[in-house]
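Look for subunit A in each of the two complexes below; its partner is subunit B in the first and subunit C in the second.
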Partner chain A sequence: MAGQVVTGSRSGLRSALPLLLPAYLWLTVAIFLPLSAMVFFSFMTELPLSGRAWSFTLDNYATFFSQGLYWTLLLASLRLGLEVTLWCVVIGYPAAYVLAKVFRGRSREAIFLLVILPFWSNGLVRIFSWAMVLREGGILDTALNAVLPFKINIDLMYSYPAVIIGLVHSYVPYMVLTCYLTLQAIDDSLIEAGRSLGASRLQMLKRVIIPLSMPGLVAGAALIFVPVVGSFMEPRILGGRTGTFYGTVIEDQFVAVFNWPLGAALSFILLAVVLVILALASPVLKRVA
Partner chain B sequence: MAGVQVANLSRSFGAHKALDDVSIDFADGGFYALLGPSGSGKTTLLRQIAGFDFPDSGRIAIGGESVERVPVEKRRIGMVFQNYALFPNMSVADNVAFGLSVRGEAKATIASEVQRALDLVQLGKLGARRPHQLSGGQRQRVALARAIVTKPRVLLLDEPLGALDKALRVDMQIELKRIQREIGITTIFVTHDQEEALTMSDRIGILRDGRLVQEGPPEEIYDKPKSEFAATFLGDANILRGETTGTGIRLADGTAIAAGAGATLAAGAKASCAVRPERIRIGTDSGTSDPNANMLRGQISKRIFAGNNSTYFVDRDGQTIKVIVQNTGVEKLAEGQKVVLRWSPESTVLIAASQDMD
Partner chain C sequence: MRMPKLTAFLTATAVFASALTLAARADEVHVLNWKGYGADEPWAIAAFEKATGNKVVNDFFNSEQEMLTKLRTNPALYDVVMINAAFNDQAMAEKLIQPIDVSKIPNYADISPDKAGSPMLARDGKVYGVPWVWGLTALAINEKSFETPPTSIAEMWNEAHKGRVTIRDDAVEGVQFGAIATGQNINEIKDMEAVKSKLTSLMPQIKTFWSSENDWNQMVASNQIDIGTYWSGSADRAKTHFKLPVSLVIPREGAVAWLDAFSIPAGAKNVAGAEAFINYMIDPKFYVEWVTKVGAPVSANTKAVAALPEDAFNRKVMGDPDVAKRIQFQAPITDAQREAYLALWQELKVNVK
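On to the complex of A and B.
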């Protein structure tokens, strides 16, 4: 069987087909069909489900360009994506380094589990837990006032930092995992060789370790930046009134205003912008990585 | 450049003594081979000298300066790793430049020093390549150039030729020796290959289970091994056991074997004699030319022809004695033939019976 597949003959292709079929079927059903439907919706005046008459239009896309608000929100979301990604690098990379190069054996497994724990908890539970910690008179507030001699009033709830904290917590495991994989592939003897040549730890980091783990950083950044730019759950729950972003506006179109065509059009504009950013960044990233 | 002294060095991992009271004086400018079976502590010793790991007790001095607690980046040593450990994200030239560049040397100095080092290892034209575009032998040369370009006080090599095939290995042995002579650097070379140790070094230290078994110039260790382990690990040796007579031994069947060198032992103690296979003459006649020669009778059980020489395995009294004879085209002995073995007492080394070897 395996031999047949390797030969690449027609019979090989035929025996490989049953193996590939589920994957293609899944891609078609889960991604291609809904996406095509959304493209279709984004060019309609009305949702056909509502029973009213509809026709094709470009108005939904025009709305984005005619109203400065959408553009402002998109910029705010891009900035949010950038900030969250940077915080994930700042927190996730050192964690991955320690995990890959300092801990060994059992203790590494235990800490690894702690890192990926957020992955296993429900997103909403995670966000509401943060709400309990961050609100005025909440856990953080109470704890700080119990330790500090003077009275302070921490009210991070419904603020931009709260959104950042919630998002960083949700997405930092991606950075830890991708960086861990590349860091752990760096042979310890490279680090020893560098040190025997007189390099300080900082020099080793700058000249050998970071360049060699760049693919992990880039992959982690892409995995985080893209969904954060479109995120709506954390901004809505932790940001309150300050939490209006591009993603929350899209969500509104689908669940509150029921203007699916506009929501679809806004989504595709976001997709296009993100793809352009990744395309522009890729030659630079390829060079450093 | 500088000599290296280690004194009473011990290092344990848990209950396991990887180094047990090792003292060696590595001469300034010398080429020293650390030889021993796998797990004998060679790498551990080298790592203590390099500063990657620190001893539990004992002293290490480089150029007379105590360095036990000095971290590796301050010891000014050059290290070559078995897996080359070249930085894959840098060109060959940048790899070699690394040590100079982290020190903040001027660009022009770095460029000329790097070129000189690459020329020395005969890779002058490959500076722009990436490590993955080089062969194993070339990578090893880059690793060597990178280690010596910073003018370290000592060059440490941990089985640097272990990953190369036989022919390339011999080339690299010659090359390494040439470079070492040219720059005159104190070199400590770890190997488990006895031939490599014999041909390359001017001193050998044999390690076993973390202890230094014997130490000296190659000829001395080969000709006067102090233990059965040293005799059989460095080169081939026939070991005959019995009770010592003071100047030799008496075998179980009463045959006396005279030894011209080795330990002085009290008569009656258990002892053994070591004889190199190439020192034994083999023949069919019983007539003797040298009345002092040691003599044993036996029967050839096997003969292996290897072109320029033949190896005979001769059975006698339950023991097999190995004899290597140069192929002169005269002697022709067949398997099954009864033979007489003779060798001089000068070729026989008396060794005290060791507790840890049988």
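On to the complex of A and C.
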């Protein structure tokens, strides 16, 4: 096998093919084909089930632009994505720093385990646990009132903050993991060098640590922002009457009225908007990274 | 060498798996229904299997659209399907269900004539659905919040309940509820603007939109709501089975009524088993046990309702001729109407943010 590789890149590709094939086969079957089918659906008037007549149309995309409702929701979802990403940075970055630079050995492993633990539980279970904590007379309300001398009333359930809390909890591990990887790769001698040259802690952070860990921050932000913009489960369960977002409207089209073409069109508009945002941001991010 | 072997293995697995799914045994009855809705009660299945020798295989759907999709994509898999009468017409038009020979279903004779004669369940003199149970989408209250139960739908708009009202997250139910609140016919809404402004003024009252029985019961159990729209059978279950302080209110303005019926899908393999199962489902013995143990909507079988105790809710309140006058049965809805309702509903939900 090694001999073949030496003979040239063509046969190198050939020998690599069996290794690549499973992954590409899987991507083709599980992602590319369904996604192409959805693109196709989004241009149809009806689903071609049980012999219904259908034709090609652009109406599904036109619907998005003709109704202010979808714009409002898309903007609300983008804002939600930004807020959740911001909170994930605020909470996740310091945790990643402590993990990478302060803890060593066993204690690092233990804390690391705690960070990724939420990943192992089902998403719905996590959301319903939050529901128990956040509601009036729930765990948070009861616990605080038992400790505090005065009476306070905490009812966060079915509100915008509840959606933020639920989503941040679900996605903060991504930020911790990506930042941890880049922070850990920073050579300690760089930090020591900075310190020996008289940099203050803040200067160290601004001039050395943040720039060097920027790739992790950017990767984490992208990993979080994209799914949060399309999220529907958390807003629906925790958001109450404020829980209508772009993702929940897409879900309605698929589940409630069985209008897959419109649902697919709305999804691809979201995909396009997210791609445009990432493309616009990439030069800026590249420069800082 | 390896590849052919692997291919053969994969083929064998595929063939085996499809053989497993296709070879529905002749004495199996495949039933498609909502989960936790009578047909999957373990005691009922055991009794039916013992009496007829048929084995029941349950499958479930979460929305009427899903039910129709399952019928479309799995022809000849199911033997019995439970369809809301308002959707029967669509299933019939798409040839998803077949005519039923009611002479094979002895209990059919006891079904109340107004239900059996429903134009939604028959076409060209043939029966396409056997009425099973009917119920209401009315109001239910948290008994802790009321000294005397309200009688008017206007209670939902009462300032005193601000932030403690719930309504189902369903465009059709929402719009039809609005029609009743504005004194209109739910099947022929003339003044959609009135419905819209009425519902717009309801939105600030809402705590959250519920989507399952569990949502509703949880909110009452933790005393988060006072009043909301609810299904009659679910309110009964909440009280009987979960011992919650819930009671149903049928407002004087009226309520939305629905009729659930059993049908036999086109190409069903075990029609005889299906007929036996439907007959068992509308039998008084099953119904009384269902009401007593679990809580259920009102049977379409007059003898089954008569077998309930005098003061049973399903007999006393739901059987009240005065209630019968107030309620409006849901008629079929076109896809275009459904989409228009959803657009209105989404707009309401967005504007409240």
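The rule is short, and it goes like this: the second predicted complex is superposed on the first by the 278 of 289 C-alpha atoms of A that agree within 3 Å, B and C clash if a C-alpha of one lies under 4 Å from a C-alpha of the other, contacts with A are read in each partner's own complex, and residues count from 1 in each chain.
Criterion: a residue touches a chain if its C-beta (ideal position, glycine included) is under 8 Å from a C-beta of that chain, and two chains touch if they have at least 3 such contacts.
None of these values were measured; they are calculated from a predicted model.
Aligning the shared subunit A places subunit B and subunit C next to each other free of steric conflict.
With both structures placed on the common chain, the touch criterion links A:Pro48 to neither subunit B nor subunit C. The superposition places the C-alpha centres of subunit B and subunit C at an angle of 150 degrees about the C-alpha centre of subunit A, rounded in steps of 10. With both structures placed on the common chain, the touch criterion links A:Thr244 to subunit C but leaves subunit B unconnected.
When both complexes are overlaid on chain A, the residue A:Asp252 reaches subunit C alone and has no touch with subunit B. Comparing subunit B with subunit C, the partner in contact with more residues of subunit A is C.
In the superposed model, A:Glu136 lies in contact with subunit C only, and not with subunit B.
In the superposition on chain A, A:Pro161 makes contact with neither subunit B nor subunit C.
Looking at the shared chain after the overlay, A:Leu69 reaches subunit C, while subunit B stays out of its contact range. Closest CA pair between subunit B and subunit C after superposition: 45 Å apart.
Per the touch definition, subunit A reaches subunit C in the complex via residues 49-50, 67, 69, 72-73, 76, 135-138, 157-158, 236, 239-244, 249, 252-253, 255-259. Taken in their complex, subunit C has these residues touching subunit A: 62-63, 65-66, 68-69, 72-73, 94-96, 169-171, 203, 206-209, 211, 222-224, 335, 338-339, 342-343, 346-347, 349-350, 352-353. Those residues of subunit A whose C-beta lies close enough to touch subunit B in the complex are 187, 189-190, 192-200, 203, 207-208, 211-212.
The touching residues of subunit B, when paired with subunit A in their complex, are 50, 52, 71-74, 76-79, 81, 83, 85-89, 98-99, 102-103, 143, 146-147, 150.
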